[in-house]
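These are the structures in question, set out in turn.
One chain, subunit A, links the two complexes that follow: it is found with subunit B in the first and with subunit C in the second.
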Partner chain A sequence: MPFNPLKLAALLLATAGWLGAGGVTVTATDQKNEAVPELVVWLDPLGAPVPPADPAELAATVEQFNEEFDPYTIAVRLGTKVEFPNRDDVQHHVYSLSSPARFEIPLHGGDETEAVVMDQTGHVPVGCNIHDWMISHIIVVDTPWFGTTDESGRLALTDLPAGPYKLTAWHPRLRKTDEREINLVAGETLAVPVELRLRPDRRIRRAPTAGGSRY
Partner chain B sequence: MIRFRSFRAALLTLILGVVAVAQVSTYIIVANVNRVQAEREIETDLRHAVSAFSRVNEAQTLLLASSAKAVASDFAFRKLFFESADDLRTLQSAFASASNRINADLNAWVDLDGQVIASSLPVPDEAFMDVVFRADESEEAEASGYCEINGQPYSVVTVPIRAPIIVGWWVVGFRIDEDFAGELQAQTRVEVSFANRSGAIIASSLPAATQAALETNWRRMSTGSVEIQNLRLAENDYKISVARAPLEEGGEIAIILQFSLDEKLAPARRLGRLILFVSIGGLVVATLLAGGFARRLSRPVQRLAEHTRIIAGGDYGVRLELKRDDELGALARAFNAMSRGLAERDQVRDLLDKNVSPEVAAQLMREGSALGGEEREVSVLFADLRGFTTLSENLPPREVVTLLNRYLDRMSQAVEAEGGVIDKFIGDEVMALFGAPLAGTNSALRAIRAALGMRTALAALNQELATEGHPPLAFGIGINTAPVIAGNIGSQRRLNYSVIGDGVNLAARLQTQTRNPAFNTDLIISATTLALALADGRVLTRDLGTVTVKGRAQESQIYAVEGLE
Partner chain C sequence: MSIRLHRCLPLLCGLLAGLTAGPAVAQSWSPEVDLGWVHNDNVTNSIRQQKDDSAATISASVQQVRVLSRDWQGSLKLGADTKLWREYSGLNLSHFSAQAGLRRKFGLGPYATKLDLSFEAFHQLADVSEWSGNGYRAAAALQKRFTPQWFGRLTADLKRLDAGRAVYSGTVATLAAAVDYDLTPQWRVSAEIRYGEGDQLSWCRESFPEFIGKGPQWTDGIFGGDWFPYESDGNHRGGHFRVVRALGDRSALSLGYDFNESRAPKNHTYRNHIVSLNFTHAF
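For the complex of A and B:
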């Protein structure tokens, strides 16, 4: 078996991670000091390689339910196969015209589930051609450390190897991504308050006569 | 101050003046109120028009935006936006089609950075940067504004192109042109004109001539605080209000709203004319009424004046007939009462004249009964008729009185001819005064002359009596001049002007002396009288010596008068 320095490095990193893992807790607030949920946050290691992904983990789901996409924002790892199951009685026409993933799932009904493999990083806004208000933002990242904030604007990431990271936050109402460098210390959880300046929510209003019973 | 020669003219002028002043002020007030009202209405209309402009513009913009959004939601259109960079020709043809769909005059695609990707009209790349930025900042992701291309203003609106997030902007617009002005005018009834950045009128609902006048004039109008201004265009007064809208590329367009004052004032003017007609009619009616009234008032006044002249002429018998119950009627009644009073007084005066001498009567009229009580030198003449008693016995009483009156009348005339005053008739005796009640000169000589006149008159009467078959009459006259007391003598109810004193008695006694045949005269005077008469003229006398008369102690020198030289 020839010597593979990459594998060695990965092994070393895994050992180091196991040996000294740290954590980060992000708390997001807006200019009104209100919690920002659905904020996509990911950490890119600085000066260290990204650990390889487990193919089993490379799966995500964006549902069409009650004429909405669920979730509204989602981060997935590069190479993830995103499924778009339709849980509604009505058909949907899911599409994205973005450069990281340009795809179109023409009108499809209830039990059909289509999947798209995200093979480029970036922002993939997904819409439904026949329901203008339906929108979902898929952020494709090349790191295993990512997530979205909960209702209280919090996100906790654990078991990260100590070291410097670039923390990036993304939200549809942000003009630009919020980026900062942090340093994680083994055995400690770093609290990162993220104060954001959100722009007006410009989502198209849902048509009041359109189906959905739980608007 | 005007002086009126007739009361009627004055009254007429007064009434008409009052009516005219009332009507003219009414007219002026109404005209003024109407004008103020019209101006207020115009100001309200103009304000409404300004907001109407905004509304119409907004509605138009909204419509355009809605259409644009509908078209922008087209999937093929969305896809095209992503593929435009690769296929410009497809883009341009799709672009033309999209423009057609929404009926836009202006149509441009702008990227997220505000750079124009494509435009139906030649515009700079950053022409819509601001409006896109405003849209990007707004919740609705929409913004509108104005821009000017080749001097033509457009109302523009920008809508997002979503796929499904905003990936670009679509700027659409409509021309602010004659059609738009016409539509606004139809909605607001206010004339609308638009001026571009350089102040040129580019669209207007006004007729061409007025539009040209507006173009040269409106720039002179002060801007700012004065909201509504007056401007005279093509011989028509306009109220003008200018609203301004900023242009995307800087500068501004002006929305000039005009309201024709003449048009607005037309109903008020019609009302004014009507009031004028009514006023003139009212004035005519007032003239007629006032004329009639004045005549009703002045005619009786004229009649009263005429009547006054008649009364002044001495005719108290005329009565003024005015059948009126008012003050003039009362005046007429008072006049008639006055006429009656004057007539009565005249009668009294007449009677007075007959009963007393005219001089005494006049003095009584003048001075009332307060006459007399003064000492005067008076020549008193007594004339007694002789043989009358015998004559009267042979005549019926009526003829006696007639004859006596004839005699007394002649004697009175002779006395009055010399300025004497009949004091009284005592039966057939005459008592006359010279020098009273009016003091006169040479009373003695006048008394003698009067006596001689009486002698002549008696001779004439006797001749008449002879022809009538009556025997002749004779008299005897005595004259004395002495200071006596003259005055109204009598009781409270009845007064007689007379003289009393010793001198009077002497005169009466001298008269009785004429009965003495030895003296052979019918006219005897006292020495005093002669002396006084001689001072004034020449008297031929015969000395009768002295006599002692009854009631007088000393003797009196008496003379018979033969004649005058």
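For the complex of A and C:
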């Protein structure tokens, strides 16, 4: 087999990466000890630089389907182009009045997609000007390590360089973000239980009222 | 007041034409059905010898909303409803209606004030054929959401019916203020107060002191005997309180209590206490 220096370098890098990588599994529960899904979690490295973003990964989607946004919460990396495809056959009018991203996608019909680049970190609540109950929360972070918890309140992040991190959790029903410092050890997965005190769900109601109008 | 339906027809046709010919994309038709039960402790609207009855109510509508621009929406609604009384079937009424609406939203988002203008033309079918006829309803509503839980509404509406016999015809203008509060995402309480002026339809007996010696009246047979319908001009005060339970995103069950007090000249006052139970489903 002929010697290939490129293959060797790739193998060495992969081995070094594996040796130096750790992971974290977050399990989120509320004051009733029930799982907290849709919790946005991200890790900022402490004392280490944030690796540059791969431009191909700076893409995310917030759909409008059945007159709701999907997902309800999402984390994206700074610079991400978020697409807003309309999968309904009715029109939506997507907007945000937030300071990190102030935009308006007026009146787009079925199968139309518009996109917005998130160029500031922070919380971007997104609404629809036609359907008042529609809401989605985009959290723009400057780190490649983020995600949202699943139905069982769990999120696993893998392949992180060993070292100290700040773990931040955000949810629309939290009064303020939940922050803690963790230390990741190479070759180990750290279990982080996150116990949260959630406020009542204060979303605008969608169900009809007798004699009222849905719009 | 005698604004005739045919005078408003050109306005309705104009609104309909505007809604169907605009460049905006139409939303699809959204059907909604409502099944209910209602009990009224004074269906005769009488000051004495009141009669009570309960009715099953069914209504169905389809609505199309057309987004005309960022701030303007138009809507078209076709509806049918019927009320079937258990004891006094002569009170049964059905309506077929077409409504055109225009909404102006003053700003972006759920907390922007909304002004709704609507015009509805309807045909009324009654068991007593002289009560059948055509009518219209013009309404304006100013709506505002203050928080995700608090919602307020001011409405003004004018309703006119031209029935086969003058005693059933009439015009009523009403002003109302209402608030909704969502205790939880499932439970809503609503309250409304209202004031109205206009024609009131009541039933009375020839043997009542006020009518003794006035000669025979035209009777419609709804309450039998010597009961006859009459009309007076007066004012109405009332309100309602309602508790609504959401059943998922598209259905709701509501229990309501409605109070009405009507005063006519010479201090003829009658009251209604109405309890209703409704199931609404939006498809």
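Throughout what follows, the second predicted complex is superposed on the first by the 187 of 215 C-alpha atoms of A that agree within 3 Å, B and C clash if a C-alpha of one lies under 4 Å from a C-alpha of the other, contacts with A are read in each partner's own complex, and residues count from 1 in each chain.
Following the convention adopted for this analysis, a contact is a pair of C-beta atoms (placed from the backbone, for glycine too) under 8 Å apart; a residue touches a chain by one contact, two chains touch by 3 or more.
Note that the structure is a prediction, hence the values are computed from the model and not measured.
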item	value
Partner, of subunit C and subunit B, that touches more residues belonging to subunit A	C
Partner chain(s) touched by A:Ala207 [first = subunit B, second = subunit C, both, neither]	second
Partner chain(s) touched by A:Leu97 [first = subunit B, second = subunit C, both, neither]	both
First, second, both or neither for A:Asp54, with subunit B first and subunit C second	neither
Which of subunit B and subunit C A:Glu151 touches, first, second, both or neither	neither
Contacts of A:Pro172 with subunit B and subunit C, given as first, second, both or neither	first
Residues of subunit A that lie at the interface with subunit B and also at the interface with subunit C	93, 95, 97, 127, 129, 132, 200-202, 204
Residue numbers on subunit C that touch subunit A, as the complex places them	24-25, 27-28, 30, 32, 34, 36, 63, 65, 67, 69-70, 73, 75, 103, 105, 108-110, 116, 145, 147-149, 180, 182, 184-185, 188, 190, 242, 244, 246-252, 254, 256, 278, 280-282
Subunit B residues touching subunit A - in the complex, by the definition given at the top	73, 75, 78-79, 82, 137-141, 160, 162-167
In the complex with subunit C, residue positions of subunit A that touch it	89-91, 93, 95, 97, 104, 106-107, 109, 127, 129-130, 132-133, 200-211, 213-215
Subunit A residues touching subunit B - in the complex, by the definition given at the top	93, 95, 97, 102, 125-129, 132, 134-135, 137, 172, 199-202, 204
